[in-house]
Amino acid sequence: MALDASQMTRQWLFSLQQGLQNMVRSPFMSLVVVSTMTVALGVLGFLMLTLSDLTYISQQMSTQLKIVVFLQDQQTPESAAALIEGIKGVKAPVVQISKEEALKSMTEELPDLKKLLEDPHTHEVHNPFPATLEVSLYAVEKMAEIEAEIKKNVPGVEGTEANQDLAEQLNQIQSAVQLVGFGIAAILFLGTLAIVINTIQLAVHHRQREIEIMHLVGAPDWFIRLPFLLEGLIFGMASGLVANILLFFWRVVPLEQLKRMFTFIQLQPGLGPLYPISALVLLVGLLMGVLGSSLSVHRYIRFEKSAEKGKIPV
Amino acid sequence: MALDASQMTRQWLFSLQQGLQNMVRSPFMSLVVVSTMTVALGVLGFLMLTLSDLTYISQQMSTQLKIVVFLQDQQTPESAAALIEGIKGVKAPVVQISKEEALKSMTEELPDLKKLLEDPHTHEVHNPFPATLEVSLYAVEKMAEIEAEIKKNVPGVEGTEANQDLAEQLNQIQSAVQLVGFGIAAILFLGTLAIVINTIQLAVHHRQREIEIMHLVGAPDWFIRLPFLLEGLIFGMASGLVANILLFFWRVVPLEQLKRMFTFIQLQPGLGPLYPISALVLLVGLLMGVLGSSLSVHRYIRFEKSAEKGKIPV
Amino acid sequence: MIRFVNVSKVYPTGNKALDNINLEIEAGSFTFLVGTTGSGKSTLIKLLYREELASSGDIWVFGKNIEHLSRNEVPTLRQQTGVVFQDFKLLPQKTVAENIAFALEILGVAKKEQEKRIHSVLELTHLQAMAKAYPRELSGGEQQRVSVARAIVNKPPVLLADEPTGNLDPDSSWEIMKLLTKIAKSGTTVVVSTHNKPLVDLLKRRVIKLDQGKIVEDNQGGGYNQHGTRR
Amino acid sequence: MIRFVNVSKVYPTGNKALDNINLEIEAGSFTFLVGTTGSGKSTLIKLLYREELASSGDIWVFGKNIEHLSRNEVPTLRQQTGVVFQDFKLLPQKTVAENIAFALEILGVAKKEQEKRIHSVLELTHLQAMAKAYPRELSGGEQQRVSVARAIVNKPPVLLADEPTGNLDPDSSWEIMKLLTKIAKSGTTVVVSTHNKPLVDLLKRRVIKLDQGKIVEDNQGGGYNQHGTRR
């Protein structure tokens, strides 16, 4: 029995319409599936957002670490600062402390010192302190590299000082946050996948009898499968959207309050990484929905197949 | 029809036995429910573990911050250190740097200085630098408090210096980790709850027909409910146990490797916070299981009730 | 024993399934319920074990108005009423023996006593060989007999059978009907809805005929069609 | 048209439901299948639309050995075979009209044509008033007629009816049987399994009697019981 094009179209349209009808006629089922998927996707997105913020914070923190550069007397702080600001990875401006400022802060701290440095005859003050520069960096892991470059390429540098230990530690924390964050995201991703597929499987399992009946009255596999795929797609889309709304809300309201409470913590400006994450959440929702339902329906169709092979010789 | 005690016992025993039978006879359902619950509980436990580690790390980091105490010349570093070590919140030992050591490190850095400090006649070196103590703390948020206490209670203190800004920042980060961590745990907790209840609801929904039949042949409510409660309990216990096994495994194997990779990051020794967390995971599993199934069965019993009220006047 | 007073049933869809029924059925009697499909036989039976509530009127069973039972009294009513459902209503996850045993487990009957009773009803319904089979592994007629066996196993004072021979061959149908009349003789009140004209004609018991929810005939010892058609 | 060659069916439980069946049924003929409950009638019918596979032997329908159909050919076989299931098998989430329409949607029949055909089968089975009801809102007999309507709506070349009058009163049963014989006259091959002795006796068609999975009688124009018992 060959089918003409309009027959095929009608079958497709009917099959798709069935998907919508099923959802509407099992509101409880639809609600449970969508809410479960929303929770799973929402948690996934929420954690990716938090991880992205954590990475940003630890980066911000590391810019507090500075390389201190001591200059020889013949080098002016201005020209050295200009040279250093030209190095890649250095965050302008480089803070300049002149010989005079260094002396002033030291003698203020140790009043005895002033007398000792003063020439008893000319009352001229000898200044043993060098001019210093405080160099901030964009990324703490470049500290050793940049320190070496300053020593090598900037003339008139007497010495440098950098808290390598703390830098190393912060550096490791950053890598750890990234690695563990990636691990968490991967685990959560798999968890979301498992939960979504399980939920859809339960929903389809509940319709096992219907699938059987449709098969028995002659519906081809694709005809049975299509409505479920559409349903899965819509479930995925709906829960992805709801999860995104929750994420946006979280970003705009409570996170802003957190920011105000913790003024020192610098969060990414604006909506930050929300766009790529929400796109990912939506995509995951759609894929999971379709994958979940197609896998589940497949189960029942596969079951029948194996039953058909069950020829037993008498 | 009054029931004697042995009848009641038999009914209870049968009802409990039913719970086990149901699980064994619907292996697919049991598997799906347990695996979903395991994922949800595992993620919950995993995140609580990570948060506890993060808190620990940020605490460890903050012990890098020190209060520097300058002593007057009449005070010996030893006795001041002993006094300070007696203050609550101070991490022993207090590092002592004597006047001589201070002078030595300064003159090594600035060779010019040595000549200037030397008495041209007696060749005696004047030492303007005070002896200093470096005081580590257990908790950075106590820094201001302890600094004040040192100034007040330790005799012969000339001055103190503490990086209040960085301390404040670390302090805020700790509070933020705790607050956000608490938020995440709460959200995840609710998410786990929702997913578990939804999953059990789907499983019970699938047995709606059976529940109806049992009702129609005269089974009382508790008789129907009990097997589901037992099932929920076992599901909760099983998934809690599996989740805990995964958590222990994660703690022992990959986390130990992370520790070796990042030597600077100090993790809690031994199994750390695993015991309370795994106990919590198990408890949540059990509660959710029982709560989920009792709620779901209730739904169907409630449904019937409302149908019974549906008297329509003719 | 059983008394309907001005009972009507309108389903939520607006279908009027029963229309002002007044009826009395004596204890220990055997009554046929006949009528075209959709005339309200199943609805009348469902009212008797509270699957449905009447829209108006009162129904008395065991001297109680079952329209006003509390939540806890409904299971008791159902435990005292054996029902053969038109669609069998067997528990799919339980074997034949377990399905029958369920009616006894509810009452907390001891295992030994259970085994004895189950053995005897399996024999009565010729299901001994299928005790361990699941409902899906049975033929239509076999399932129907399991439903009969479950309904009679705890010897309830009221037995309602909704089309209990629809899937049975004439010989098996005759056996089941004989069984039901025997049960009525032992004091149980039996109400049987049926389309089986030959058996109704043969047994000569009280026949109540429904049509569009109304009782149109009520004959002691009557046949299926009072004003007989050719079948 | 339909040919069974040495067909046996043993269920996974070990039940031998059919035992070396050899049988030929001509195109456009009308055949009754009778026998005690559990004799294998439903199993024989299930083999014809591939709900079950034979354990051994071959079954030919439309000149094809349906034991060796590929996965894609099974739906085609089922589309060409109308089936009235013993347990109705209606889709619970669809109304009566939608259940019937489903058999046409599978074939991609245009909406106008669908409406026409559905209208006509609803009329034939007296279900016009229930077109918009859901199966759970119907009486047993009404559900059975929906199953009949769905089986005949796409005018399939083969029509299998498993106990199609088990829940119908004598008048409705007679009408449905008349309908099925009329369909056979129009060229469709009709196989009806039934316990309805009066109708089998009345219609005088071919009667095949099964007992314990074996064909024990095969009479053109016979009655229900060749060696008649008293019922």
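Brief remarks follow.
Chains: A, B, C and D, in written order; residue numbering restarts at 1 for each.
As a working rule, a residue touches a chain if its C-beta (ideal position, glycine included) is under 8 Å from a C-beta of that chain, and two chains touch if they have at least 3 such contacts.
Note that this is a predicted model, so its numbers are computed, not measured.
The fewest steps needed to get from chain C to chain D, moving only between touching chains, is 1. Using the average of C-alpha coordinates as each chain's centre, A ends up farthest from chain C. Rounded to a whole number, the gap between the C-alpha centres of chain B and chain D is 66 angstrom. Distance from the chain A centre to the chain B centre is 22 Å, each centre being the mean of its Cα atoms. The distance from the centre of chain B to the centre of chain C, with each centre set as the mean of the Cα atoms, comes to 61 Å.
If you draw each protein chain as a dot and join the dots that touch, you get one closed loop, with every dot joined to exactly two others.
The list of touching chain pairs reads A-B, A-D, B-C, C-D. Here chain B touches chain C in the complex through residues 1, 3, 6-11, 14, 21-22, 25-26, 209-210, 213-221, 223, 305, 307-308, 310-314, going by the rule given at the top. Touching chain B in their complex are the following residues of chain A: 28-29, 32, 35-36, 39-40, 42-43, 46-47, 50, 57, 61, 64, 110, 112-113, 116-117, 126, 128-130, 166, 168-169, 172-173, 175-176, 179-180, 183-184, 187-188, 191, 194-195, 198-199, 201-203, 205-206, 254, 258, 262-265. Note for the complex: chain C touches chain D at residues 11, 13, 15, 34-38, 42, 86-87, 133, 137-142, 144-145, 162-163, 166-174, 195, 197-198, 202, 224, 229, 231. On chain D, the positions that touch chain A within their shared complex are 8, 10, 12, 49-51, 53-56, 71-72, 75-81, 83, 85, 89-93, 102-103, 105-111, 150.
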